[in-house]
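Multiple structures are listed underneath, in structure tokens.
What follows is a pair of complexes built around subunit A, which joins subunit B in one and subunit C in the other.
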Partner chain A sequence: MAAADSPSAALRRHDLCSRGIRLAGKMRSDVVDLLDTYVERQGLDASASVAVVEGVPAAAVERWDEQTGTQRLLENLAAYRAFRALLAQMLEEQREQLGEADAALGRALAAVLLQVSAFAYHLEELLRLESRGPPSEEGAGPPPAPHLGLFERKLRGLGVLRELAQWAVRSARDLRQLAKPSPGSSSAPGPAESP
Partner chain B sequence: QNLKCVTHNLRKMICTWDISSKGRHGQTDFCYTTNDLPPPVCFKTKEKRVEIPIPESSTTVTITTNSVSGTALATKEFEIHKKDISFVPLTPHILSLTPDFSTSTLNLKWSDNGSVFPYGLDAFWQIQILRKEAMEKVTQVTYYSKLTHEDIILSWNWTSDMPLECTSHYVKIRCYINVTQFVGSKDWSDWSPVEELPGKDTEPNGNGVFPQDTVVAVGSDVTICCVHKEGQQIQRMTYGPEIYPMVHLSSRSSAIRVLNASASDTSGTNVVCILSEDEMDGTVLFVGYAPDIPQNLSCETSNFLIIKCTWKPGRPSGLYGKRRTKYSLFERISGKNVSCEVNEMNRERVCGFPVLADQKTYDFILGVSNPIGQTESSLLVDLTQRVHPKTPEKLTVSGNSSTSVRLRWFINGSFAETRLLCQIEISNGHPERKLHNVSMPGGKFSTYTAQLNTLHPYTKYQFRVRCSAADHFWRWSGWSRTEEHTTLEA
Partner chain C sequence: MFSGWNWVAHGLYLLLNICSLEVSGGLVQSCGHIIPESPVLALGSNFTALCILNESCLDFGNIYANQIIWKIKNRVVPKEQYREINRTVSSVTFNDTSSLATPLTCNILADGQIEQNIYGITVTIGLPPEKPKNLSCIVHQVSKLTYPMTCTWNPGRHTFLDTHFRLKYRWPQENFPDCMPKDVNNSCTITDVQFFVNLEVWVEAVNALGKAESDPLVLDPIEIVKPLPPHNLSVNSGILPTVLKLSWENRISPAVMKLKFNIRYRITGDTNWMQVPPEDTASPRTSFSVQGLRPYTEYVFSIRCMKEDGVGYWSDWSEEKTGVTTEDKPSKGPPIWRIIDASHSPASWTVHLMWKALEPFEANGVILQYEVTVRAKSSLSSPPEKYNVSTTNLTLKLPNGTYEVTVIARNRVGASPPSVLLIPASNSKAPVKNVRTLPKDGKLWVGWTAPNSYVLKYVIEWCLVSNSSDCIIEWQNEPGNVQGTYLKGDIKPFKCYLITVYPLYADGQGSGQSVKAYLQQDRPSKGPTVQTKKVGKAEAVLTWNHLTVDEQNGFIRSYTIFYKTVDGNETAVTVDPSKTEYTLSSLTSDTLYTVRMMAYTDGGGRSGPDFTFTTQKFGKGEIEAIVVPVCLAFLLIVLLGVLFCFNKRDLIKKHIWPIVPDPSKSNIAQWSPQVPAKHNFSSKDQMYPEGSFTDVSVVEIEADDKKSFSEQDLKPFDLLKKEKSTSEGHSSGIGGSSCMSSPRQSVSDSDEGETTQNTSSTVQYSTVVLNGYRDQTPVQVFSRSESTQPLLDSEERSEDHAGGGDSTTQRQQYFKQSSGQDETNTDRPCFERTKQITSANEGDLVGFAQLQISGQSSQSLGLGLEKNTQEAALSDVLQASTEGLTVRPEAVEGNPLSVDEMPKSYLPQTVRQGGYMPQ
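Our next item is the complex of A and B:
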């Protein structure tokens, strides 16, 4: 964060961060529940190892503490925009493959997609506070879904959800880092406790 | 020595012989009589093989072997009778071997070479299917055809018990022609050259689990194979939660055999090929039922705009999404076809078909299909006898007398060519309710009225109404809402 915040901007950012942390916490628990449902409904082995899914940004990051606030926000936003598209793909495939047969899994997927979209919007809000604004979305979407067999798609979905669960944890940490008052601004209440 | 004559076409024969003495020889003088009548036909040949016409009955052959300088070394005479000639058809050739991977079916095409033979001969074709690196015989089939003195391309299909991708399949064919009037010995032709259908295990990037995402009927026996890279080892193959014993097909392919497959879950049964701790491949098998014949197919109209057909689907297919059972309604008289949007999760199925101008009778065929099978149900309907009006709406009761009231209601629908029978229920708090029937000409999205007399003065009544077709009763509509009205004092 380049310049020292004005008190109102710091308060606004702190508020957004706190709400973001809570949203990330909720998203994570929902994603974990969804993962259990997904594994069970798709007949997968919970311990199955899944290759890195193309188009899914990795949550693990080296030198996490050296990242600037803007870098954190930008990486988070890129990730959740990618997840938004990937989850929408999964939902579409779910409807195509199962129709009405597994409405519960479909609803759970849609609910998480909603949260991911909300979180992405939240991140855009935080970036707007940076007065640089979020990057535009043209051409930023993940690559079109490669032609995969159904089993590979099931594994891919598993990979997406696992990575999303990791990202939710990282996002909470990033937001907590962001919520720390930057130098020269008045101190603000500590961030909300995350999971 | 060993003079042998073989015919491939019943007209000419190829005679071959051996020469016993060693050493180098010059040309051979070959003479044969035609139907044992002199003079013989003679010619020289370097081969130990000649093609001459088949004799009517017999022929005398004289073979003289000469030295390189041309002096006769040995002469031998042979009497060849028709019975000494053997008939061996020419080796057939496979014209095409075409796979249909989606159905694991091979299509074989070959020419019957019939133009060579007289019309009407019976031909038998033995077809052998071989498989795997060791070219093990999988099956041998005899196919029958009749020759027509023309070259006909014959076609034959064979469905493999395993996906054609799993490993290479090979086909060869030979034939036997039953020439009853040919007195010599008759034999099978040679086998054709082998035609290969390469499996994915011969392609560099052919890895995968096959069949890919296919649908089979409950109770089927299914072979599923895993094609992997050279040098890789399959640790195990699982079908659903179970590990299955593997059958080696080739150095890059192994298979499991699932017997009497049971219905899969909604998302299918995963078949996983585990190659190492972090490398696996897989496919999904959907095991379901062919559609049941629709039960209780019934069609009616509530407004003469749309015909609503309903039916009971019978046993669920267990297939969903794009593999679900699909329905279409075909009407034979008009030739119109409608595909039905059906929610597979609710028990009753409904499909709408437009009422057609000037058409009273409808000959419906409800077509039902899913990837496993199809069936249909039919129904002939006279629409005027299947009128089930909608529930009357906007019932109002008015009256400015002590013993009579006027009821008015609206029915959503076009009944211009139908006479309606409406039933008015009258109750005034006593358990016993009176029913008053009234019939009236139908209208187009009309309001209908009826007058009730002989009521009691200053009495609170509840009225409600329902309607049906007057001429051919089919079903009552639902009851309208109840309307209250109190008659005036006397």
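Our next item is the complex of A and C:
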């Protein structure tokens, strides 16, 4: 806690929040672009409805404004860790499927994956500043990929990207909320604070 | 160099290895090897190598370590660097590896002197890598989503070894593959970077001698972005004529970075950019309205961007786009001036109105026409006259008076404010003072002192003064608060400009004050041609003409006259430039001088052609001063001589003209048939006053055609003719004198065949013929007669010359002068005048001759005979002679003639036959 109260820690936190917000914004922008490319390249319909992707926490949450900062961070971290695994899986599948033929889609996926990874790092750093430290990744990974058909995999990828776009919006809002100087927001222990 | 050696060493090393392989293959067994095998050494370090002999060779070849010789590239290493460790191992040590070369071989002296190579190694010398320094990175945006990052660094010194650089970067929680430079060792480009996460970047340099890493650089790549400039820039004119709206597209997502902008613009054709204040464009946007522009002006725009917070790099400037503002009313009226020509008639003026086209920034559009209004101030009731013109001048004929001229420029939008000019009756207001000029910065500045009254504005007129062209007036307006301006025009150097400044008042104008000026002066294009106006003994008046304006090239400040003699020093005289004449004084007389003249401006001088003149030998009046006294002295001497002679005339006469006895006063003269009166010939008396002719006898012969000469009478003529060639130079007889007689003259006379001498006659007279034949130059001829008869003064006047061939009396005139002096005295002045005897037919002329008196002598003698008369008389005589000449015996008998009948011819008398015979 002492570290969180020190000026350098506050500065660092502000910096992390600020850049996290911008990273989330860029991530959303890139994911939206990627969605268009993905739909086009995978031959999908942009209006296709996708079922909830398994293993991905939903961005929409009830009573969002009642969440504590740590709770937000933890939910974000869990989500992005899941996205990281899912995107890596998608990238692998895309490489297997298209090889190097569609390098642009692969590069875009890799770029989004990097941003997801970077955002997860931001969240971990913020949690460290909260004196909690990031939770271990063991058990937090996505469930083993079920054996799906090609089209299902494409639809699943579409669902992942759409959810990621939604999470990018929510993460930006979460970080803005965290950046607000609301005393106790980060320190007040809440029921959902524990992982 | 080292790399070259490395290649050589490597080749040798391979060769040796092949040899050793062959040997180890069983052909020849190697007897030893070197440790270390092909080392890489740091430059400047020490190095020790060991050559280890095989045990098998010791016994077989009696080879021991003390026989080992170390060589560097066939050069034996000094033994001091050897050390025998045991009987099979020898070492060599080098304190500085820079003395090493490749290959390093271990050799042995087998069987005494035979050197054999045992082994060899290559030695590679280099340096460990230095720590890379000055690492810096920049992210160049190449497309909307592509942001490669290029990092550069200083690789440090050359290592002489194969050194690998790699750019390493990582996130705190994630490593990325290294960036390997291609073809260079000081930069590398990471193809894609992610923003908003701190990236740790560093450079690692590795070679055989070591590894070095630069200091890490931790940065968020978003902070080092150089974005692409905005594109699709467009310029649109707005409603206002001073505003243009710019629109563009940004090529970087606002999610990545927010941008700020710089907008620059300039007028087309201008080189200086203006910039929109940066604070106006410091926020993200895609359009901007540029204000404060000039109407109807084309502008060029360009834009750039960078991260809003100023962290990072400015983009390049975008492509340029142009736009034109809309038109506006002309902002001011055209400057106006006039030239008033009052020379045509005293009651009216020809007024040339001139105005200048507005500058583009004043016209604010295309000027369609000018509206000129002329209003007479004196008669306000008369309506003003209006003219619409599209040119910039208007010529009007106006009666004398005061007028107000107004000019308005009009474009599509509207009219300009009016320009007003008063044309006054006279320039009666106060003029400016002290008009002066100054060349400055290649332009001509005109300054003046303002008059005390308030001046609305000034008009500066100027024109180029030249002999070859008229003064074409140019002019410009200046506001009333200035007292100097630069002339706005093409002012040429070395040309004379006449500049006039007029002050314009609200109610009139002041008279112009003029000054001449040059933008730049040069020396004259030619020098003055000098010549002399007057040259004296010690002075010369030089004169020259002024140079023309075109030749001057500047203000003539002075003339300098240089003059010198042929071998003398040149003398210079400076002359005032207003003069055209100068008198050189103190010159040497009778000397050739060369003179030339230089004209000087501020730009230098130029000499005219040389002119030479010679001073006179004598001064004015000197000749007169010499000649007049000499003449006077001469006259005085002459006068004295005359007086002396006059005083001594008796004595002189005695010596020069001795008194000759006068035969007429002698006793024998008493029987002379005729004694003519002396006093009838006054002229003769004057001519011979001294009695040089004592007397003249006159004989008259009358030839009567009715009478024929007897045969006997004619005989003497034949004889005369026959004797004519022998009659030369004989003079005899009493007093038979011959004036100017000479034998030669007698001969020439005889050629004429006109004079004969009757040698049979006892009386001979000298006869002088003074006239030429047929107008030829008379030759003095004389024939001499001999006579026993005393000399007679006779004189005969011919009384009838006009008589025809039938005239009863043809008087032949003979004249004889005889002085009765000694015939040898030829200096005596004496004259004989005779009628020259001419003959038309020589054969027919028998003993008859006519003596013709020369006209000149006849005048002095008063004998008045004209030549034609004489010739007529002669022809008569000749005609008579063909018929026979009868000499009247009466005349021969000496009938005395009265004074009036005194013949003008004189014939000698023949005494013996009682008649006179012509000779």
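By our rule, the second predicted complex is superposed on the first by the 177 of 195 C-alpha atoms of A that agree within 3 Å, B and C clash if a C-alpha of one lies under 4 Å from a C-alpha of the other, contacts with A are read in each partner's own complex, and residues count from 1 in each chain.
In this section, contacts are C-beta pairs under 8 Å (C-beta built on N, C-alpha and C of every residue); 3 or more make two chains touch, one makes a residue touch a chain.
Values in this document were obtained by computation on a predicted structure and should not be read as measured data.
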So in the superposed three-chain picture, is A:95 touching just subunit B, just subunit C, both, or none of them (first/second/both/neither)?
first
Mind working out whether A:133 is in touch with subunit B, subunit C, both or neither, as first, second, both or neither?
neither
Quick one: classify A:33 as touching subunit B (first), subunit C (second), both or neither.
second
Now for A:22: first (subunit B), second (subunit C), both, or neither, which partner does it touch?
second
Is A:7 in contact with subunit B, with subunit C, with both, or with neither (first, second, both, neither)?
neither
Quick one: is A:49 in contact with subunit B, with subunit C, with both, or with neither? Answer first, second, both or neither.
first
Which parts of subunit A are touched by subunit B and by subunit C alike?
none
Could you list, by residue number, the parts of subunit B that touch subunit A in their complex?
208-209, 212-213, 240, 265-272, 277-278, 280-284, 320-322, 324, 343-345
Which of the residues in subunit A come into contact with subunit C in the complex?
19-20, 22-23, 25-26, 28-30, 33, 107-108, 111, 114-115, 117-118, 121-122, 124-125
In the complex, the residues of subunit A that touch subunit B are 41-45, 48-49, 51, 95-103, 149-152, 154-155
What residues on subunit C touch subunit A, complex-wise?
145, 171-174, 192, 194-197, 220, 222, 253, 255-256
